[in-house]
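What follows is a set of structures for review.
There are two complexes below, and they share chain A, which is joined by chain B in the first and by chain C in the second.
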Partner chain A sequence: MAVGSGPPRLPGALVALLMAGLCLGTLIPLLLRTGEGGLVGADWAALRFTLVQAALSAGLSVGLGVPVARALARRRFPGRSALVTLLGAPFVLPVIVAVLGLLALFGRSGLVNEALGLIGGPRMSVYGLHGVVLAHVFLNLPLATRLILQGWLDIPAERFRLAATLGAPIWPLLEWPMLRRILPGAFAAIFALCLTSFSVALILGGGPRATTVELAIYQAIRFEADFAGAAQLALLQYAICGVAAGFALWLSPPALGGGGLGRSVERWDAAGAGARVMDAAWIGGAALFLLLPLGLAVLRGVGGLSDLPVETMGAALRSVMVAVSASVLTVGAALALALRAGTLAQLAGALPLAASSLVLGTGLLLVLRSVVGLSAVALPVTALVDAVASLPFALRALAPAVAEIEARHGRLADSLGLVGARRLRVVILPLARPALGFAGGLAAALSMGNLGVIALFAGPGQETLPLLMAQLMGAYRMEAAAATGLLILALALLLFWIFDRGGRIDASS
Partner chain B sequence: MNPTRAAIFALAAAPALAQAQDAPVLTVLTYDSFTSEWGPGPAVEKAFEAECGCDIRFVTAGDGAALLARLQLEGATSEADVVLGLDSNLVAAARATGLFAAHGTGAALDLPVEWADDTFVPFDWGWFAMVGKAGGPAPKSFRELTESDATLVIEDPRSSTPGLGLVLWLDAAYGEEAPAIWDALRDNIVTVTPGWSEAYNLFLEGEADLVLSYTTSPAYHLIAEEDAGYVALPFEEGHYLQVEVAAKVASTDQPELADRFLDFMLGEGFQGVIPTTNWMYPAVTPAAGLPDGFESMRPATTLFFPPEEAEARRGPAVEAWRTALSQ
Partner chain C sequence: MLRLEQLELGQGSFRLVADLEVPRGASVALMGPSGGGKSTLLAGIAGFLAPRSGRVTWDGVDLGPLPPLARPISVLFQDNNLFPHLTALQNVALGLRPSLRPSPEDRQRAGSALVRVGLAGLEARRPAELSGGQQARAALARVLVQDRPLVLMDEPFGALGPALRAEMLALTREVLDGRGATLLMVTHDPADARRLAGAICLVADGRAHPPQPAEELLADPPPALRAYLGLTQAT
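Coming up: the complex of A and B.
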């Protein structure tokens, strides 16, 4: 068998081929369908809205992230490490739960409007562009803060000390150059993430004025059965995401180091009371902005537990099954790509970021429905689509670990003749277990909270928890929806914990 | 359990089990509000199951217009036997999919327009209207509405039959001027919902002064809630008429049962509950007539496009709506 050396590379090539087939090949059955097709004025308006909301979301996230990160970088206080850890949490936070929390705070009968009502002020609406941007800032401010905080902590402490000794201004010498290096990449990364936003726009968008391209794809399929039109919109989305991803990669800051965010830098320029108060206000404000909606969502959820509809149990079972299947698929594919490494694997791993999950799912179903009924494949297709969507993140978590194992043990393994599947079993799998567990947990949690393709195809008795929650919100059963959201959150965190633990148990032996 | 008792138990249970397993299932694809607990669904289910020896299963897929897309997506593999809740404006598009089979019913219909169709069977009808609270803003025409600061919730014409009805209403009333009216309506519209249920809920929660619904909507508040506080606004342009239809799916595995359901649909058991559950005019007026207070407002002028003309106008009219509102 294997002549030469190295880990098995063929599975990675196959997975890359599969990704290309899934992400691009699924457009074909849609393009072949007769439909109205042709992009019209309103589609260009959706494109414009998509770009505007993504730019505003990224700009505000990064703009607010700077003072918060600076405050976190130069202050030490009880709970700081917990707060920094929490900044990593929104990534696995189900978007629909986050939206529910924001509605509890800013919605029609939310706290803010109740307070405005008490003082006789005008009520504000959370629907439309500002609502979409608000939700995206809520979801991405933590990411921006972490990226920028990393930049601050990467400035060697000696330089601050030197600047203090010389009485040199820190801002133009140290901070501004660092920000100029970090900010464009952070902006581009968040911009790209917001481009394909679906559930936020579905719930908080207000009609044709606030429609993203992905939402327009949903409407073309769900409302008009205009498959060709949906595929054309998906191509448009590939184009804008491709450009954005190119920028993001070009401007990208170095990958997030796992550690290093724990320390703070001793600073001599920020000891004044004014600076202290400002920093405290920024940290407190950010913590409140992130924790209050979540707290409200949990509180409402606990209160609504008795309102949970009978369908919840089945939906929870289906969601767990979909999440676990998606996780297994994702980890397998990510491992194959990580072993293959190189440009092909990177490209295949990044492709799903630009793909439209809805088009991917529809393409698969249009092909499969000639063989089996829609109801038989709706859930398996959902798991597959979720797996594809999580792949970029799983690969990002796994690839550095696999690369390090190869760098450390690769030559020894080669010299021992450990190649192919044996090398995988004896060397790589045991050592990569923590990363595999983390990637699996990430994929499971993302799938658990994902309201995507199932919103198009669920037949009777096929709802997943996020879909059930969206339906309850549509019927204004907010208490029951909040309780469902709490269940989603709990199950997502539980699945993440189980996978992550599973990867770490006995990792030392 | 000893063997004898098990055998007796099995024998005793057998007929019930057999009936549960053998009863054919009729799957009816319909819109959300039809199956809600106060909608016609429960009463219709009870009445039809009592006479058919079958099990009727309602499946919902949003509002009326989304039903057609759902069936197109499922194609010939659909489990639906009957689709209930398309309307006159979608009949031509539905026919063109080839997914529906002729039924051929001979019942005499009480519709305000001519209806002769061997495939799409009307089950109720009504006039669209802006509904508001008594004493609230009450514009007398679309033009007056655009000039007022009254707020309005409407439905998406791509997913909802009332939404589509409004788009064609403006087209019928204003023709080439309709896009300008949409443009002027933009600042009155609070939001666009995917279906009627969501829009009416928002209106009831006080999110807007007016909602696009039917002339018969106030009857619901009057009769079911004994609340005379809601009015349908008469518009000078006239009111667009909607005829709601059902049809047999061509790929059904229960063709006889589907035919039987469509016949049942025009009988007393179905039509009798329509006025006070779906709050629409029944396609065949029941023996007892319409309930008191049902007709609080009857339009002076009826606007209506027959199916073929509605289909020709639908695309451009929806596009005009989408273009105006996406600005």
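Coming up: the complex of A and C.
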């Protein structure tokens, strides 16, 4: 690129430096503390459990996603597009609300156990390995289905027509090669996500047989004040997340575009009644599995509204403040990186995938503990870590939009002297507003429902809504917890809507 | 005078060399096969692409170290000549000053340029509310207010129908001739070249040839131009 042209690139370099400082710099205090002890048996058990549950969750999500995606790819029915849209929702669905919904269905006094009780069957427990896996499949089956569905719809319709005229078998010719290409990436992405879902393990796991590494970190800090042990575990978590994220990026699953999932491909091989019934069963089953817990969570939440504790108001205010701050930080950082583009920006944007929120929080805690009271910085640190965690997703939404604006209008802007900050104000900000709004909404919703760092740092009276909800669940005040969950869900959706709408309103293109 | 001195431009394995002069006030049509390097040549002159070697000079001044804005050049691209989120007036006024709030004087100059190209009354429209021909006119109005001595056009009217294209070429010629501006325009149509340009610069086989009088060149085309125009040896 010639001199005196292009968008501002310095802020991107600064953000990249900051990300490296945050994500790699936190390794230093962790490394400094590790000399003080070794990993004990319980730590290895946590590692084993973390890997086993993630592998099972990813395997089941992908395995079940294949028939659901195939059914969606080859059937048209009323409500199909609504269902496909719904498959995108769990990404911003607060994890803790999803867990509550699953408890309402499969929990001790959930619908399934009530039904089993009526017919005199045995009661089942949702706690432990199978509960954690169940929750992860609930959260990731939609993602797996969308990724695989994309693969199916990327096969050109002409190929199916050609196969039909030749009477060629579709499975070995078209479908299996596509799946072999898509599935490893989908598995790796979901495996990496399942390594770091702290709130699922906190509520459904626990005990010597079902503790993840992140849960063990939390327990070491909160209950045993064993900072050396926490540092060791954090390094361990850093290592496995780094390897998993590396694999996920290497096998990178196809990018999920906004459109393209709307059509279905006409098929000649699946007209039989048997295939129809099977497809209907898969679609119906998946829809029920996703909608029932959510519906129950909302229903119980409405029923529990009168039980909302007095702390809710303050917690809601803190949550909104944290979410909005995190969103602003994320969008600013993602925009700076998107303007810079290039390998450095991509690397900086991918770093948070290796450094999970809880590990980042642990590193910051070790540094800050000696300098300042933890509760004094609980909310800013939470906002910062939430912002870092959302950055990869915000960047994925923003980078293509900025790249397209540059490709279309970059030369014209250069020739008119629109460079640097002027370029940003006159050209990029107005044109990228829809993507900025979407990225901001995503970050705000993710932060709104995130339970992680705040659990490490918060003192009394500093709860955000997710932490308050976890505390209520721990105290078996399920009605109040459900109502809090409903509030989290409503606020997350509201924030997403406001940001996204703000980006689109009056946008011209 | 525009001089390309032993200029070599490259993108990947593509290579284009040029060693030629264009006198002040001339109109030159760049012709040649697709992928022959016409757009690359314009990008090199405008400063979007740094040369591998050689120099671009204007009246003896080396343009090499200058960013696109500082060159005595205004550019019309194939498309995306207007920002979609700005009004016609704002788009034209950007040619005067890179700001979204033009001064009253700038507004007045941009407004009269719009009148000059036949867009009176459409100042507040955004590009999406203008027809293709009106968009081309608005872009031409910006070239007018920029008032640079060298104008580069990369098939700016390619998407318009034949009648509209002829009209725009006539308008271009009219507004530029009055100012003695030098014009380099990429075109595919020999009729355009005849209509607009005194000279044709053939860009083919990795080389931009020195401009030659249009009538002369079209009457007896060299083999590369002959092949491009689809004329067989027999004719």
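Annotations
The rule is short, and it goes like this: the second predicted complex is superposed on the first by the 476 of 509 C-alpha atoms of A that agree within 3 Å, B and C clash if a C-alpha of one lies under 4 Å from a C-alpha of the other, contacts with A are read in each partner's own complex, and residues count from 1 in each chain.
Just so we're on the same page, a contact is a pair of C-beta atoms (placed from the backbone, for glycine too) under 8 Å apart; a residue touches a chain by one contact, two chains touch by 3 or more.
Since the structure is predicted, the reported quantities are computational estimates derived from the model, not experimental observations.
When the two complexes are overlaid on their common chain A, residue A:A225 makes contact with chain B while staying clear of chain C.
Shared-chain residue A:P177: touches no atom of chain B or chain C.
In the superposition on chain A, A:L365 makes contact with chain B only, not with chain C. Between chain B and chain C, B touches the greater number of residues of chain A. By the touch criterion defined above, A:Y127 lies against chain B but remains apart from chain C after alignment on the C-alpha atoms of chain A. Contact with chain C, but none with chain B, is seen for A:V427 once the two complexes are overlaid on the shared chain. When the two complexes are overlaid on their common chain A, residue A:L412 makes contact with chain C while staying clear of chain B. Touching of chain A by both chain B and chain C, each in its own complex, is seen for no residue at all. The part of chain A that touches chain B in the complex is made up of residues 36, 40-42, 45-46, 49, 108, 125, 127, 206-209, 211, 219, 221-225, 362, 365, 369-370, 372-375, 456-457, 459-460, 474-476. Considering their complex, residues 43, 46-50, 65-70, 73-75, 77, 80-81, 83-85, 94-95, 98-100, 126, 128 of chain C touch chain A. Residue ranges of chain A in contact with chain C, taken from their complex: 2-5, 408-409, 411-412, 414-419, 422, 425-427, 430-431, 508-509.
Taken in their complex, chain B has these residues touching chain A: 57, 59, 62, 65-66, 68-70, 72-75, 77-79, 156, 158-159, 189-192, 194, 197-198, 201, 205, 207, 315, 319, 321-323, 325-327.
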